[in-house]
Amino acid sequence: MRTTMYKKTPYFFILPAYLVFLVFMFGPMVFSLVVSFFNWTGIKSPKFTGMENLKGIFTDSVFWLSVRNTLLYSAVSLFIVVPLSLLLALALDSPHLRGRLAVRAIYFAPIVTSTVAISQTFLMLFNTDFGLINRMLGIPIDWLGSRSLALVPVLVVVIWRWLGLTSIYFLAGLQGIDRELYDAARVDGAGTLQRFFSVTLPQLRPMTFFVSMIILIGSLQIFDEPQILTGGGPSNATRSVVQYLYLRGFTQFRFGYASAIGLVLFIAIASFSAVQMRLRKESDL
Amino acid sequence: MKKCISMLLVLMVAASLLMAGGAKETSITPKKGETVTIKLWTHDDLYRQFFQKRIDMMNANNKDFQIALDAQIMPNTITSLITASVAGEALPDLIGVEQGWFPTLMEDSNVDTFLVDLTDKIGDRYNDYVQGRWALYNYEGKIYGLESALTASVLYYQPAIFEKYGVAIPTTWEDYIEAGKKLAANGVKIGVMDNDSSGIFSMMFLQRGGQFFDQDGKLVLGEGKNREAAIKVLDMLRQALDANALQVVLGNEFWGSTIPTAFSTGKLAGMVAPDWYNASVLQPGVKSMAGSWRVAPMPVWKDGSGYRTSVWGGTGFAITQSSKIKDIVWDVLDDAYMSLDGQLDRYKTIGFYPTMYEALDSPAVTEEEHSFFGGQKIGAVFADVALETPPLWQSPARPFLLQAMVDNLPLFIEGKLSSGEFVDTVVKVTERDAKL
Amino acid sequence: MKKKTRFSVGDWVMNIIVWLGGLFMLLPFIWMVSSSFKTTEEIFQPATFLPKSLDGGNYARLFSNWPFSRWILNSLIVALLTTVLALFITSLAGYAFAKFRFKGRGKLFTILLSSTMIPFPILVVPLFVITSRLGMTNSIIALVLPFIAPPIGIFLMNQYSSYVPNALLDAAKIDGAGDIRIFVQIALPIMVPALASLGIITFINSWNNFLWPLVAIRQELSMTLPIGMANMLTGVSAGSAPPYGPAMAASTLVCIPTVAIFLAVQKYYISGLTAGAVKQ
């Protein structure tokens, strides 16, 4: 009798997590995939339309614009934030850094701030008339109203928020590097810079890859910052894919079309995630 | 195992999708001494204040029962109405529908599901009110909402600036452009253009006699007279933009500091805007400039086409189908929004111009001297042009039209799209999106 | 042991760059707080950086013109509830996967963790439909439930559970203790660091959550802080310019709890974040 009770216990332990998973994650995901093939405004019954939504998306110039914007956010995150955060991590790891505690606080605190609060602050900083940026530059640049420049405030916020986060990972990675490797290199006559390239970078490769994946997947889903700063405008110049999903789904009540956009996003992200998991498994061997 | 669960889930939800919400409402007659609560949903507290005031007055004279007002403020009453209905949550009795939201209900003929047809209750009194305002909440010839504001547009201007540069106050758009050029040569702008909202363009387009949709909700922007009107307006805006005569502002900066600052530093001579602009933005923004402003009728077209004024915005109040006290709500709405006393009270309390001709012509409106405008009786200006308020016909496709205009106006302003290209692009995108 | 070498030119440069960058990082905070004490005229005038005097007017207006204290309450309840439930659910699951042998354990674990691959934005539409049909819109429950089984949480708990010595567990079993008692009295105390980490991360994420509450909450009184704040600047109401001052006051107040918590217990937050990244 006792043994059968023990056999059932783990299932009860994992049951709550599984319930939440099925009802609030897996179930909705399947639902979203299904609705992608329907037209539905939420009030009356949905209408099956097959590939119409997907076809619509692929000929939708606003969708492609949102893809371009999102890829730009990702590119900046990957090619500007990641290298900068590595440098920051190196600095934090260095014994010659003055005021380490303060530096950590200053660079890490942005991670936990509310995206709304920060975006609204930057909204004011970039304001054409009374914004600090324009005052320091001396010229009234219309940041948020210009199709070409509106991306700048958003990118600045992205960099500001993510710098600390990625450097935390690099710092952990740096601290995990075996000191003996450095000693060996020093014995071989390698200078600081050489040691960086021959020991640090190679040892950080797994972490760099891991961080890049996190940043990439995170930035592909960006919503809060451009939504508050520009609402996606002007003329969709800053609209991200998730913002477009929100526009179609919750401003215009096109649930089918919005779900189809979600489907495309999901395929993109799932592919990256799968690649990441695959490569990690391989590197573990 | 999990495949089964997920299938079950999908089936469950799918099944519930097929269930449409249908509320069976029965009318309640209040007993003597009872208090009836009217639930109001609106996006602006000012309306709550006004209705509360009228209800207090009604309660004072009502020996049979009392009315209590339970108001909730929310950013978008219609999306809340729809989601609450789908969720089976409590719905309001009285709802304030901003005119931009009404089209959301027009899809799938949902208007009748949610709102009560007020046409019969309005009856013959239809003609006593500014005709154009009925169109905003019109569906298939039936009226579902009572408008709160006239929203007639006029020219607000600073006479000192015009005098300083020797420019006459323009009465036609052609003169407006010339005046704009002269002022621009002196570094002053004559008016405003919004970058990513279609307010200014729509206002001028409607004044010219153009319509986006016909009475059946069909998109007619791209056809005949409407297309011509749109191009004519855009060409004129193009001239003004090229001459640097207009201050270009972002949609949400419209309500911000840019314009008031330009006003007070003498860099912006005035603005063509609706009646509510005065109370909502102008006066609060430039309190210190009291006395140095005047109001003139909106410029008209030299060839005489179009109306003498235009419209912009508006909020209509409607009664919900789910309400159990429709008659009582109508009594309140009738008093507050259709009686002469109510219209004048609304003007006094909220500052929106009346939509009832009799109210507009009353001395309370036409004879009032506004100190901000140097004692000018601006009410008379509004009353004068009110007869020529254009309608704005709605359509379920309107939200898509608005988005299409918002997306393409920056391109037009930059010069990447010509007037004709703008119209054609907007039409094409709207037609495409509306079908989704 | 790392020898403390001389302070080279490179080190000077590094310090300067880091601190200059630090100024850039601090700028928004400084601006946010100082603007919160400025009057509307001061904000619009390009002249002043720091406020002339500490004018608490924005804070007063914040609480009188908007249901800000209600928003604080909502955010607090949602964050606390989410955190408590998440800790409970993930610790149970993580422990079970680590310490029990049962059929399908590997597969079930992988499937549960696969939820990391589901980007939240694609769930927004169906979650909205589900919560609508269940009549849960505008409710605290709707904001809590989707987030109480976070995959990182399960991963973290699973990892920490493996540190619980089996010897202890076996001893307790021999003494006749039930599974639940063993979990609560023996495993949980050892898992406290993980609970702390996950708790802090979950609380902060819930406090700052924007997209889902934006979709699920449509009424002013039910809003959480981020939604309320966003609404302050976009809700057009007759009579005034955008309330930048109160918005900055709100922003300041909203950031204080999370930044304070973070600075106080950085260690836990960071170890929670890096748990999956660094090989232990």
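Order of writing sets the chain letters: A, B and C. Residues in each chain are counted from 1.
Convention: contacts are C-beta pairs under 8 Å (C-beta built on N, C-alpha and C of every residue); 3 or more make two chains touch, one makes a residue touch a chain.
Fair warning: this is a prediction, and the values are worked out from it, not measured in the lab.
*Asks:* Along the shortest chain of touching chains, how many steps lie between chain A and chain B?
*Replies:* 1
*Asks:* Name the chain pair with more contacting C-beta pairs, choosing from A-C and B-C.
*Replies:* A-C
*Asks:* Farthest chain from chain A, going by the mean of C-alpha atoms per chain?
*Replies:* So the farthest one, by centre of C-alpha atoms, is B.
*Asks:* What is the distance in Å between the mean C-alpha positions of chain B and chain C?
*Replies:* Inter-chain centre distance comes to 40 Å.
*Asks:* Measuring centre to centre with CA averages, how many angstrom lie between chain A and chain C?
*Replies:* Between these chains, centre-to-centre, one finds 16 Å.
*Asks:* Mind pulling the residue numbers of chain B that touch at least two other chains?
*Replies:* 2, 13, 79, 83, 86, 252, 257, 261
*Asks:* What are the residues of chain A that contact at least two other chains?
*Replies:* Touching at least two other chains: 23, 26-27, 31, 42, 129-130, 250.
*Asks:* What are the residue numbers in chain C that touch two or more other chains?
*Replies:* 44, 128-130, 132
*Asks:* Write out the stretch or stretches of chain C touching chain B in their complex.
*Replies:* 44, 111, 128-138, 218-221, 231, 234-242
*Asks:* In their complex, what parts of chain A are in touch with chain B?
*Replies:* Residues 22-23, 26-27, 30-31, 34, 39, 41-46, 53, 56, 62, 127-130, 142, 144-145, 147, 231, 233-237, 247-248, 250-254, 256-257 of chain A touch chain B in their complex.
*Asks:* Within their complex, state which residues of chain A touch chain C.
*Replies:* 6-7, 9-11, 13-14, 16-18, 20-21, 23-29, 31-32, 35, 42, 88, 91, 94-99, 102-118, 120-125, 129-130, 132, 135, 160, 163-165, 168-169, 172-173, 176, 179, 192, 207, 210-211, 217, 220-221, 223-224, 227-228, 242, 245-246, 249-250, 255, 258-259, 262-263, 265-266, 269-270, 273-274
*Asks:* Would you mind writing out the residues of chain B in touch with chain C in their complex?
*Replies:* My answer: residues 2, 13, 16, 43-46, 72-76, 79-80, 83-84, 86-89, 252, 255-257, 260-261, 276, 279-281, 284-285, 350-351.
*Asks:* List the residues on chain C that touch chain A in their complex, please.
*Replies:* 2, 4, 7, 10-11, 14-15, 17-19, 21-22, 24-29, 31-32, 35, 43-46, 49, 88-90, 92-93, 95-97, 100, 102, 105, 108, 112, 115-130, 132, 145-146, 148-149, 154, 179, 183, 204, 207-208, 210-211, 214-215, 225-226, 229-230, 233, 244, 247-248, 250-252, 254-255, 258-259, 261-263, 266, 269-270, 273-274, 277-279
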